[in-house]
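Next come two complexes built around subunit A: one with subunit B, the other with subunit C.
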Partner chain A sequence: MTDESYKGYRGQALSTLKNFEALVWSDVEIKTATGQHIGIILPRSENGDDKHIVIKLRSGYNVGIACEKVEDIHINGRKEAHYQIPEKAFPFDPKKPNVKLLGTGGTIASRLDYRTGAVIPAFSPGELYGSVPELADICNLQTEKLYGVFSENMGPDQWRGTAEAIGREIQNGAQGIVIGHGTDTMHHTSAILSFMVQNSPVPIVMVGSQRSSDRPSSDAALNLMHSVKTAADSDIAEVMVCMFGPTSDIYGLLHQGTRVRKMHSSYRSTFRTIGEIPIAMVDRQKITPLRNDYRKRRDDRNVIINTAFDDRVAIVYYYPNMKADIIDSLIDNGYKGIVIAGTGLGHVNKPLYPALKRAQDKGIAVYMTVQTLWGYVQMYVYDTGRDLMDLGIVPAGNMLPEVAYVKLGWALGQSQDLEKVKEIMLTPIANEITDREPSNGYLIFQGGIPEVEDFISRYQK
Partner chain B sequence: MTDESYKGYRGQALSTLKNFEALVWSDVEIKTATGQHIGIILPRSENGDDKHIVIKLRSGYNVGIACEKVEDIHINGRKEAHYQIPEKAFPFDPKKPNVKLLGTGGTIASRLDYRTGAVIPAFSPGELYGSVPELADICNLQTEKLYGVFSENMGPDQWRGTAEAIGREIQNGAQGIVIGHGTDTMHHTSAILSFMVQNSPVPIVMVGSQRSSDRPSSDAALNLMHSVKTAADSDIAEVMVCMFGPTSDIYGLLHQGTRVRKMHSSYRSTFRTIGEIPIAMVDRQKITPLRNDYRKRRDDRNVIINTAFDDRVAIVYYYPNMKADIIDSLIDNGYKGIVIAGTGLGHVNKPLYPALKRAQDKGIAVYMTVQTLWGYVQMYVYDTGRDLMDLGIVPAGNMLPEVAYVKLGWALGQSQDLEKVKEIMLTPIANEITDREPSNGYLIFQGGIPEVEDFISRYQK
Partner chain C sequence: MEDFVFKPFEEMTQEDYSRIGFKSGLEVHQQLYTERKLFCRCPAGQYSEEYHAEILRHMRPTLSELGEYDGTALMEFKTKKDIVYRINRATVCTYEMDDTPPFIMNDQALDIAIQVGQLMDCNIVDELHIARKQYLDGSIPTGFQRTAIVSVNGKIPYKDREINIIQMSIEEDSCREVSDFGHLRVYKADRLGMPLIETVTAPEMLNPQEVAEVNQIIRKVARSTGKARTGIGAGREDVNVSVTGGTRIEIKGVAHIKSIPLLTYNEAMRQWNLLRLRDELSKRGITSDTFQSKTDDVTKLLKKTQYEPIANAISKGLLVKCVTLSGYKGLLSWKTQTDTFFGKEISDRVRVIACLSKTPNIIHSDSAENTISSADGQKIRKSVGAKEEDTLVLVWGDETDTDTASREIIIRAKEATVGIPPETRQALRDGTNGFERILPGAERMYPDTDLPPIMITNERLVRLRAEIPAPFWIRLKEFKDFNISDDIAEPLSISKFATVFDYAVIKLKLNPILVAHALIQFSKRLKKKKFNIDLLNNSNLEQLFISVADGSLAKDGILFAMEMIIKHDGKYDPKLTIPANEVDIKQSFDKCIKIMNEQKLYNYDKRPEILIGLIMADLIGRCNGQDVRKYVSNNFRMEA
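Then we have the complex of A and B:
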């Protein structure tokens, strides 16, 4: 038996499988103290733990079963998957735009092995062409894997590396950039890239999927097609998130990188533009702008990459009865910047005031955002707000807490002079602060403007 | 000149006013380095700072002007407000239900002095009757002021006191309870009251206003009428938030106390039921239930008041690149419970693992919620989730982070045995965890069920 027979399993999980001679790809019934699970034993990734056996249930869901609970494994058969996608050379058409896909992690596209239900990740142009042949109608595609991390593990190093790769590829003539990314922190990365990559001549489109390709309801292929279409054909030279639209599974939405947030842990239509409407809708044929205030694609513009970042920043999400030690610890641990997500118009309780005064005395940059997510900080309305401004806390308009967090790290990377930092923070770079929020930008983008009605009506005939 | 002439002003603010002989209620033009403000000098509250002069602008907005920036105050006249509402005895009708209104802070109702634009808070039954005479058509009203704090300063002491007052008033025969509360943390208080006050025989309705009564668009009177109507007439014996509905200014929504959150810093329709639909709609004539799974009003049930609360709990709102010191500080500072608001299905980055292990070893209760707000924690899907469960972190279903925070304090008040705490946390008391989230409970309640259509169509004829 080769290593492939227990591919990816280690320690306790490996012993358990060996104990029952249950190889990867076996079709099994696993009995545990709490019930029975029927499915196929899947291989594990390199980063997997050593305490669980993962099986694909008949429902298509994967589930991890704790080894210590396994009482018996009955083997019904074996359905091996071929862990390779037949590569077909991605066609080159000199008339089509060149798009570069940079991978950071997360499954962008994959092929389903129907015999086993296993998901086979696709990433090389040839593999992607094999999985989603429509891509070749849109562009000439090149790919490069920068990282392979779950998005909760993305941080300043990966942000810098991604920004630099974008700059390099634009210099090399890419006419559009797509960035594959796990969905958890896609909006944090889209925000920091909006600051680290400025003046881009071409679209920069982040994409991911909420449901893996082995489920009939997967959004992976559609999101990929929409993002590549946007990178290749759109005239929107902004950092954007391209994900599933809210009202059908036919179109995607393009969200400004600084005004977007993940709003549902499992739905496909999880990314929503906050306090604005999306920049555009996209389907496989067409990109339909919903606004006209975006930066247009231009050949004569040079991208500016600025990756300076001071990571001694934190978000403090206020809750009632919060105590001063939360702030004191940040001060004592050397933080240089704090973004508070306050209640209401930007409030915290009085017991925090002495610690906030100490932060002010230590020269820590403290900014106020709202945890309501929608709406503006307004610190002139109530005494609490005025008190906090006296403590040097700067209202950050309608910047989302996550966006203020990455921008503050970036601003402190540019300068440690608090006045300069403030100037950077309060000068919008990519609509992270806007003058007003449209009423149809609250909670859900429901349409109500002619472009959307036209767009949707095409599918209702 | 009496103290009333500079009512509420102290220190620097008082000196500035005296310097220009600008009394409260003066109609003034204030010149500052950055511009000119025209309006009426308003009195300050007892808790006001001593660095700002507050004036009511012609627009109806109040603004605070920093004394140190004041260059000149020109006085155009004086428009004194009478700081008293003519009391009219609230009529008693033995056929009407008795409702008790408990005040914690925030302006519940008020009368506008039209000459000055000043807001005169109303609270006694007689004052309320003078301001909102419609209340007498609904019930016999009694009032009691428990606290007078901005809602960001509410905490365990006020929660306990409010719960005890509710218990007492129900024992005394109140057929419905209304609680006036500032809007910032109304949802935190409604959540903790859902745990501290159980088995109520009558409705418990929290209410506030987003816009003060001196603005034509105020929601104060309407919210008050709706909440009193609900307390007096509804058969819904739950802890609820009664605030402005989303689609018109005619009706209010009744939100379950554990499934509601403030979602806009300034809009009137800011409170939204999350991951569920509201319990009911209410207007001045009628209460229209949207669900039927609520606890019904019953005369033969005894309320249970349980106010034990351990306040050594905190929310950790995860962000990329979070460092272990955030968790370590909580451990070192003696916290007993931590609610993480993770990304996606409930994730944090690997650098936190050692600190989370330490928390586990110290016997700290750690629960996972999702910062997407909508959707469930699911920690079996990815390796990250399984790793975190191995570190003893308990997934909290679809409990909102704020709700898990107050429930964890309450659970630790009941027991310090982590197994017992877990049993309490994962056993729903007031729908804080539900089996499923209806699709029309995502982001906005848009109707789509016959009751709502019927309800709304009444106004479209």
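Then we have the complex of A and C:
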């Protein structure tokens, strides 16, 4: 008898079940000191204690029964769950564009794992068609699962693999690419893909969901429709993030991959374009460009894939009273590049100067970004800034800290020559540094202000 | 099928109900009195019509953990509604908007739920598992209600038997519906997330009156904790009804207990009549295997109709579809409930599922009403090739809606060959009920992965048990033994002051009638005078009775002392009511004689009474009437 038969149970609970040979999914009557329970024994979450047995009552509710109270378990049968999204072959229509969906993980399509209580991604064209049949109205969809990781586990290997897969699919004739991704680090991946995949002739759209697709109110289905619509129909050949504009089920926004950031831990409309406006709005019917300076779709297949990456790079988020040992430890551990998220226009305190001098002497590339996220680094305004530039710190314009981090890794992957690295870093590839910040590029609606309240009350958020 | 024909409501006897096998069970919802909501820190119980923002959402069905789609979920998905939530900043945060994960469960609410379970002699679960119960009607923005079984297998005494309590759960309340028309449903989100308990009885009530009576008992149990909300909407019930050969039907959203008897009577009648309808169909040779129907577009044939709803629809470019139900002649006029016919069941489905909300939304050939001309009717009949014994149903709307509608008409008509489709039905004001949705099953339950299970320790159970009085039916008996009159005993048995009563009578040995009178009648009197009696609580009332017991508060000063507690924000100050001594009474007597003598009196011989009244008012709360009376009779001479 394998442990699978008593999935998730251990200790006292496991021995109680073994004692009555009551396997998981058994339909049972459990007699306890305080009464009787009828239902199906469910697997136990691995984080649960070892003192309770979980059963699903006839009403569909689950309850935990203390195993010390169990007097008898009578087994009447067995009902095992077969969790499967109905799988239907994705229809093919020669008139519709071919879109490739590359999966890296996340909750775009998912199911529950009873041992951990977590959500496990499920992913195939058939499953997707079974749960979001509307996709077939938009395109012919093919899927490929590259990875199945939560987004915090994405790193250089996965970035390279994803970039290469994109290159391959473009060569294979895909008219648009969608990348399913967990949302937490989606903006890191969208940034690095903006560098690793250049001159794409087709849209590359990253998408995820903030409410997993096992919930009726999930944003997954609509995000998927928006992203597939963008990949299939839009003329925007950029790396983009496609997620909810407002929290309402109305439209999505297409954010440039290098200018986007997750700004709320749980809101549906968590992704915001920083220091610019989004490229376009997308709903189920149409794509409405908000800018016109994006790269246009082409018929050629001349994509450039450059997956260089040196991962000896770190971000240092400066805080008051930071000690030099933070920088020293990076130097001592052989880091080649440091991105500082400095205060205000790009500052750190004096006690760091000696360590920064050491970094300069060691030939470490140090770049300054701003922790205000919005706005440019400007190191001439105050003495501190000038001091820091004397220490070899390079201002990175209005590049977001995370974007500067992945770009520095990418630059160092191509050259260790600091001048060359600087040239790569400061030459914008996909608007990671912009020449100018539009007047509407900085908007955080602040609740409480009468004008804003008036605006919000008149529109579905 | 027995040949029993339903009598009018008033004439039905227990024998009649037994004959049809009437059975009913209850799901009683009771809001709990907590400061905050169940899974977030928003204030509970603040309702307002004002809102600051709107959110638009759609619901999609998902699989249960057993890998099945729920029937209701699929139905709601067919309806494709835009759901709009109205959000008031003061009462709704990002949790209710489904933009923030749940916070841990409100402990205060769980305590109350456990106590109610204890009062119903339930088996409290050892580990509470929070589940998600799907509601795709949009009444909860997540698309599911967070709910958890607190206790199972309880019982409450009723007549000479016991009614079994299957389970009691704690759950978050849903939104209040503002409107539902066509493809748009609007909700207010202020009530959303408030803690409530749902008590489910076994189907053991055997006539409509019993259902109402048992419902009262369950409400009283919750109220007797002093921690259940009262007032409009604080208690709501779903009533399950079945008859022999019928199906368990859930009537939802019953707001008043007094409407239950008529509702359950009508539902029993509906089921009985639908079973008779099935027999009639079977007599005609129509079963689910032989059932035949078809749908045709008849828009062109009705271009010149005078019947307004259809003429209007056609002028807007909408379609008219005709569903032919073979052999159904007359059956859409088959009586189901009081003044209600089978055609209504079909029209309801079209309204709810196809979102054709404006009624009439169908017309049919079994109706005697004046609709399309008989010439048009004949034209259609000929064109679709229907026979004399067939029923034609017309429905109008856009392509999608009429498609859905025709399918639903056929589905519902065909279900009549099987019997009574499992549905939840909506209580209507006239005592009948209408279709609300397909009855959801256990498939709509799945575990909430956002929150861990909560272990309920024995220590917690013991502590909670000690905080609550005995069940109200036991208390009621005790009060009667104390000779407390029914009009006081009844409210006292479910009063939040039950433990104060025990304290004052058992511990302080005060007169039970005096204490009961003070707790019930005085607080009622104060409430009438617009005093906020919520400020009276166990602690300040116990202090008050201690003063009575040790003689530092006159018995006739209790009402005044209670008033003082409220006036002083819930603080009992014995100094305000120090009993008057002989000297105080003499001083007051002298003062009041002067006052009296300055008045022109018409009832001169009533002077002792008037004097007593003046002194009592002067020494308010500080003396007993009998002491003053004694003093006056000893010291006042009529001649003076």
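FYI, the second predicted complex is superposed on the first by the 343 of 461 C-alpha atoms of A that agree within 3 Å, B and C clash if a C-alpha of one lies under 4 Å from a C-alpha of the other, contacts with A are read in each partner's own complex, and residues count from 1 in each chain.
The working rule: contacts are C-beta pairs under 8 Å (C-beta built on N, C-alpha and C of every residue); 3 or more make two chains touch, one makes a residue touch a chain.
Small disclaimer: the values here were computed from a predicted structure and weren't measured.
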Name the contact category of A:His37: first (subunit B only), second (subunit C only), both, or neither.
second
May I ask you to decide whether A:Arg211 touches subunit B, subunit C, both, or neither, giving the answer as first, second, both or neither?
second
After the superposition on A, what does A:Tyr319 contact: first (subunit B), second (subunit C), both or neither?
first
Looking at the overlay, what does A:Ile250 touch: subunit B (first), subunit C (second), both, or neither?
second
Which partner chains sit in contact with A:Asp49 here, subunit B, subunit C, both or neither? Use first/second/both/neither.
both
Partner chain(s) touched by A:Leu443 [first = subunit B, second = subunit C, both, neither]
first
Should A:Ser266 be classified as contacting the first partner (subunit B), the second (subunit C), both, or neither?
both
Check whether A:Asn62 is in contact with subunit B, with subunit C, with both or with neither, and answer first, second, both or neither.
both
Using the touch definition from the top, say if A:Thr183 reaches subunit B (first), subunit C (second), both or neither.
first
Residue overlap on subunit A between the subunit B contact set and the subunit C contact set?
45, 47-49, 51-52, 62-64, 264, 266-267
Subunit A to subunit C touching residues, read off their complex
32, 34-37, 45, 47-49, 51-52, 54, 56-66, 69, 79, 81-86, 111-112, 114, 117-119, 131, 210-211, 213-218, 221-222, 247-250, 264, 266-268, 447, 453, 456-457, 459-461
Enumerate the contact residues on subunit C facing subunit A in the complex.
51-67, 69, 73, 84, 89, 94, 97-101, 123-129, 131-134, 136, 141-144, 147-149, 152-153, 166-167, 169, 200, 441-447, 449, 452-453, 455
Tell me, which parts of subunit B touch subunit A in their complex?
44-45, 47-49, 51-52, 61-64, 150-156, 182-185, 188-189, 262-267, 270, 272, 311, 314-315, 317-322, 325-326, 329, 333, 341-350, 370, 372-378, 380-384, 386-387, 390, 402, 405, 442-444, 446
